[in-house]
Amino acid sequence: MRSSNRRPDQLRSISFEEGFAKHAEGSCLTKFGDTHVLCTASVEEKVPPFLRNKGTGWVTAEYGMLPRSTHSRIDREAARGKQTGRTQEIQRLIGRALRSVVDLKALGERQVIIDCDVIQADGGTRTAAISGAYVALYRALQKLVKDGKLESLPLGHQVAAVSCGIVGDVPILDLDYGEDSTAQVDANFVLTDAGAIIEIQTTAEEKPFEEAALFEMMRLARLGINEIASLQRKALGLE
Amino acid sequence: MRSSNRRPDQLRSISFEEGFAKHAEGSCLTKFGDTHVLCTASVEEKVPPFLRNKGTGWVTAEYGMLPRSTHSRIDREAARGKQTGRTQEIQRLIGRALRSVVDLKALGERQVIIDCDVIQADGGTRTAAISGAYVALYRALQKLVKDGKLESLPLGHQVAAVSCGIVGDVPILDLDYGEDSTAQVDANFVLTDAGAIIEIQTTAEEKPFEEAALFEMMRLARLGINEIASLQRKALGLE
Amino acid sequence: MRSSNRRPDQLRSISFEEGFAKHAEGSCLTKFGDTHVLCTASVEEKVPPFLRNKGTGWVTAEYGMLPRSTHSRIDREAARGKQTGRTQEIQRLIGRALRSVVDLKALGERQVIIDCDVIQADGGTRTAAISGAYVALYRALQKLVKDGKLESLPLGHQVAAVSCGIVGDVPILDLDYGEDSTAQVDANFVLTDAGAIIEIQTTAEEKPFEEAALFEMMRLARLGINEIASLQRKALGLE
Amino acid sequence: MRSSNRRPDQLRSISFEEGFAKHAEGSCLTKFGDTHVLCTASVEEKVPPFLRNKGTGWVTAEYGMLPRSTHSRIDREAARGKQTGRTQEIQRLIGRALRSVVDLKALGERQVIIDCDVIQADGGTRTAAISGAYVALYRALQKLVKDGKLESLPLGHQVAAVSCGIVGDVPILDLDYGEDSTAQVDANFVLTDAGAIIEIQTTAEEKPFEEAALFEMMRLARLGINEIASLQRKALGLE
Amino acid sequence: MRSSNRRPDQLRSISFEEGFAKHAEGSCLTKFGDTHVLCTASVEEKVPPFLRNKGTGWVTAEYGMLPRSTHSRIDREAARGKQTGRTQEIQRLIGRALRSVVDLKALGERQVIIDCDVIQADGGTRTAAISGAYVALYRALQKLVKDGKLESLPLGHQVAAVSCGIVGDVPILDLDYGEDSTAQVDANFVLTDAGAIIEIQTTAEEKPFEEAALFEMMRLARLGINEIASLQRKALGLE
Amino acid sequence: MRSSNRRPDQLRSISFEEGFAKHAEGSCLTKFGDTHVLCTASVEEKVPPFLRNKGTGWVTAEYGMLPRSTHSRIDREAARGKQTGRTQEIQRLIGRALRSVVDLKALGERQVIIDCDVIQADGGTRTAAISGAYVALYRALQKLVKDGKLESLPLGHQVAAVSCGIVGDVPILDLDYGEDSTAQVDANFVLTDAGAIIEIQTTAEEKPFEEAALFEMMRLARLGINEIASLQRKALGLE
């Protein structure tokens, strides 16, 4: 049994509160247990310089943590004057994950900027961010269709993410902070609702591990993604 | 009548949700209408270098806006690599306002860092931030007393803030964004619950104005602060 | 009696040396006692990006202190790689104060950049800067008229600034550094020559204060501004 | 057949020139075909602040590309004033990979800084960097033993890395730049010489992919790592 | 004849106004014609980290130009967030020049920071800065002697600097901006009052030049330095 | 006799390996003894903003040291977020030296960026960099001629550089690090192959020195440059 009384293959309580932010074209307050991430999607009718006049759009992401979203306060990146390597790594992952399911040609010369801001952190902020960002992005793209700027949703797959890990030699799903900080192996899975792979990152925290552990974590991830994808669809009124 | 159907001397719907953030020593989600600011107070058992070994504590504040808290997305300061002048001006104001009511000697060699993060903006973010920061600060100081680190609350006065302005030649209280952007005069009042002055900043946006207008705005501010201070006390269970 | 043997309502010896800088379109070496600020106005035939092609001009200000303008040396901001919050706050104030009296439409698509550099500091640098900047700005705008680029001076009011404060419970005018560092209340007034309000900022340094003190400081400020405005006019040959 | 006439499971010509840099405690010029990375290991007899007086050592890594190591010149990060997200992501990966095989307690309060500088790039710089960094690190740690500062090598496993990908639906090993830029799937494997997993990162570049492709790439990676690990041992005179 | 009606070997009108800045331990407003540089020397009773506990002192210099000291306004370095290469080059030169005549051991564990700020520029700012900095430094060191902190002046030689150049094939002394911008060769000489060499920097601006030109410029420099050194002594009351 | 068994007028073993970098238009691995500098020349078909539409080209240079090119590791400038003053001084010198021999008008609206990266340092990196940069630049310009973009080489003179110094009262040529760190006088000469002066920088490290020493170093420099220029021509196949 896990400290949270969850089974190894059990997600935390997960919710997607679509439309949370008044001004954004799409938004979603995403909760994976005590991890709360506000995701917004902002549509801009221009693309970054490297794409100008190429007839294609772009999706990018930025990530941040409020200074006291964590157990002890972390420095405000804006005050330090730069983003940490961890922040950049995460926002690059979010952007890549979402771009992999968007038809950028069909999007046309516009950019969607995804902002994922962690209001409260308890492990798994990047997977919560990706899962919630999909909901915000969907709404923002849907608005473009409603406003007559696009004929149809330029979205291929549904994307969701979840973490897995091995704690005390047991593979488990959706780690909270306490589990994460004692995990022997740490893995993040970004999959489609059908379970196909968009991105996997796995790291041995303590000592190298065998392929079998990766397979077992992958099995757990598929179970979790299946549920998360269903919750995303419900939040979007698609199910 | 104002666009929001408020009387000139009427506040927006204001609420203080104390204890919103799980990890912080004190916290408050503050809403002035559609302006939502998350205020946290973090206690650190050390002081900044300029105060080391001087037997006195410190209170400082940082302020930020989520990129899509606003009508159109603003740049993320952490990505730009620096805070704007506006941000610095506001966080200096918040810190000054709170320090003015704390007995820093009695606080001892520790620092309270106030973080005010605007989740959603609709005018008056700095006054909402100050008012909510007081609630978070109170709780954090109270925790120091409960934990036996302080004998009594090192707080002199109760502090709250509100904006006033002149729109269409009419002095009004607690401007929303639409009013703020058409105001002829803009003023921010930081007062004690008894109406004494901690800080006033007033600016002619259009053309110089007469002293009488300042007096009238001051009268409105006192009315507003009176209500806000009462709501603060209720949120803290003091009334 | 004040340490400087001044009466409470007495200004320091004030002078405006117009045309001090050889290259600038307008310039003024401003002295408020031992506070010496060099103000220059530089005209550029272009506007910042956010104003391009909008048929309006802009006035902005930058402020700096020479590292050894102060009692003990302060870090050079250029070497630190950023301007302090105080610097940004002051330069925003100067810019706002001057823009409030310029007809930006009439100025056309050009920008006036005001540089206020403190050569020597003894309190009240921001109010000296605003007062001297007006003289430099006037000359620069006058040159545009002389050069046939403008038909008439795009200036509404005359603007000047002065500090007031309460020291030892006595309201006084135009504080020097020694007075400023022991003041209970600190206030800066930016007024027109007719005494109308452009900006007021007042802060309790020690404990909250009552409205009556604000009124008394306002009275002193009007007296001071009256004299300063006259000296500005003399420096410009208008009186 | 691949453009380079390699079989799908064939590495490029790989070499490790140990001792390339005169001053460093350990160094290795690493070549994976036309990708050339200079890796140095510098020993410092102190640890970063967060580890002081904790009786443990640290291994960290920095990564850079010479501006004209690439097809078209890239900006010099030192001149831009910051490292890109990609650079930070890679140097974090290198550091993590090496720390996973070092006994930090046994290393004692000292730090090894790994510098990986890309002299010439043709795909797979991060995997070449990790593989070469291991050689440099080994030598630097060996020197600590020779100098009597450590009793035995604080190294658990041997670590090497290689990229795999899917190009034209065919899984291939050790991609060069041309292959990398057309790959449907991109994966980096950091394994021990025994084939256990230290880190895997895999990304769908075009569309989501199935688990079977991951397994096939893993098989290729094991083949490649086996050869690379043997070349590392030869370079170190261990085989 | 030169545009300024000077002979080739004639200096501009040069003056050293010692004690110009009220707060600094030593100061000098230096004028080489229309080039005006304020030099201050600030004494700090500590040394930079790399010299701590080594029983030796340090002299360093910082240099800056007011934004409108020049014909057209230049960016404020503090606002840009970094100093230009030119600025750094000049301040390194000033520091080196002064350190070469100070007995750093005898100075003890204290630092003198020289600030050279260009109030108005008309060519030759770096040579004016060095020459004036010597006067400020002398006074600051003399104050240490007067205050009983040093037994005698830790100064070896007197140092002064002047520029030379070749304009229209004629070697000339002490170029103003107009001459500097059309010079074929540009040279800066830092010499002792006895004409010994501390630093020479010479650059062909147009095409390579012969040794004879260097000798002739050296001859002019000695003439100029002789006069400048005498003016320095007069300003210091030594002659 | 020198520690390296060289005569005072003897260069270190010098080599130019032209074409070292696969991607650059011109490149040269330059060795002055144990000082190894990789120089690349990158041609861009555009000019910096200040030259746009002026019908002239530009040559600029950047310089860097690998962190462990030196005896003890130096900070990575990209990680520190800024280039040191020394780096900027050197890259400005390299750029100036090369521009002095290029006909920028004839080059047309394109820019050549020279990158000089120190792989290993043992004194004299800036003179090695200039000498090698000339070889890289020559090749890059030659390629423009071969590609039909230029009719003839826009090069006036051949440029090379070497250091001299006075160690133990003896003037010597081409100092290594050990000599450089004990030199009484340090000088860098940038000359044409015919011995004409492009740039000279000389500094007294210990005490002021006399003109005769400068002449003697100049004589040594001419000897050295003569040999270096011959080696450059051989590397380029011109001799």
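As written, the chains take the letters A, B, C, D, E and F, and residue 1 is the first residue of each chain.
In this section, a residue touches a chain if its C-beta (ideal position, glycine included) is under 8 Å from a C-beta of that chain, and two chains touch if they have at least 3 such contacts.
Just so it is clear, the model here is predicted, and its values are computed rather than measured.
J.: What are the mutual neighbours of chain A and chain D in this structure?
T.: Chains in contact with chain A as well as chain D: not a single one.
J.: Overlay chain D and chain F by their C-alpha atoms and let me know the rotation angle in degrees, rounded to the nearest 5.
T.: Angle of the fitting rotation, chain D to chain F: 180 degrees.
J.: Using CA atom averages as chain centres, what separation in Å is found between chain A and chain E?
T.: Their C-alpha centroids are separated by 59 Å.
J.: Taking the mean of the C-alpha atoms as each chain's centre, how many Å separate chain D from chain E?
T.: 50
J.: Give the residues of chain A touching no fewer than two other chains, as numbers and ranges.
T.: Each of 81-82 in chain A touches at least two other chains.
J.: From chain E, heading first to chain F, list each chain in turn around the ring.
T.: The ring, traversed starting at chain E in the chain F direction, is E, F, D, A, B, C.
J.: Using the touch definition up top, name the residues of chain A that touch chain D in the complex.
T.: 82, 85-86, 88-89, 91-92, 96, 100, 156-157, 191-192, 194, 196-205, 207-211, 213-214, 218
J.: Where on chain F is chain D touching in the complex?
T.: Chain F residues touching chain D: 21-24, 27, 34, 38, 40, 42, 44, 62, 64, 66-73, 76-83, 87, 113, 115, 117, 119-120, 122.
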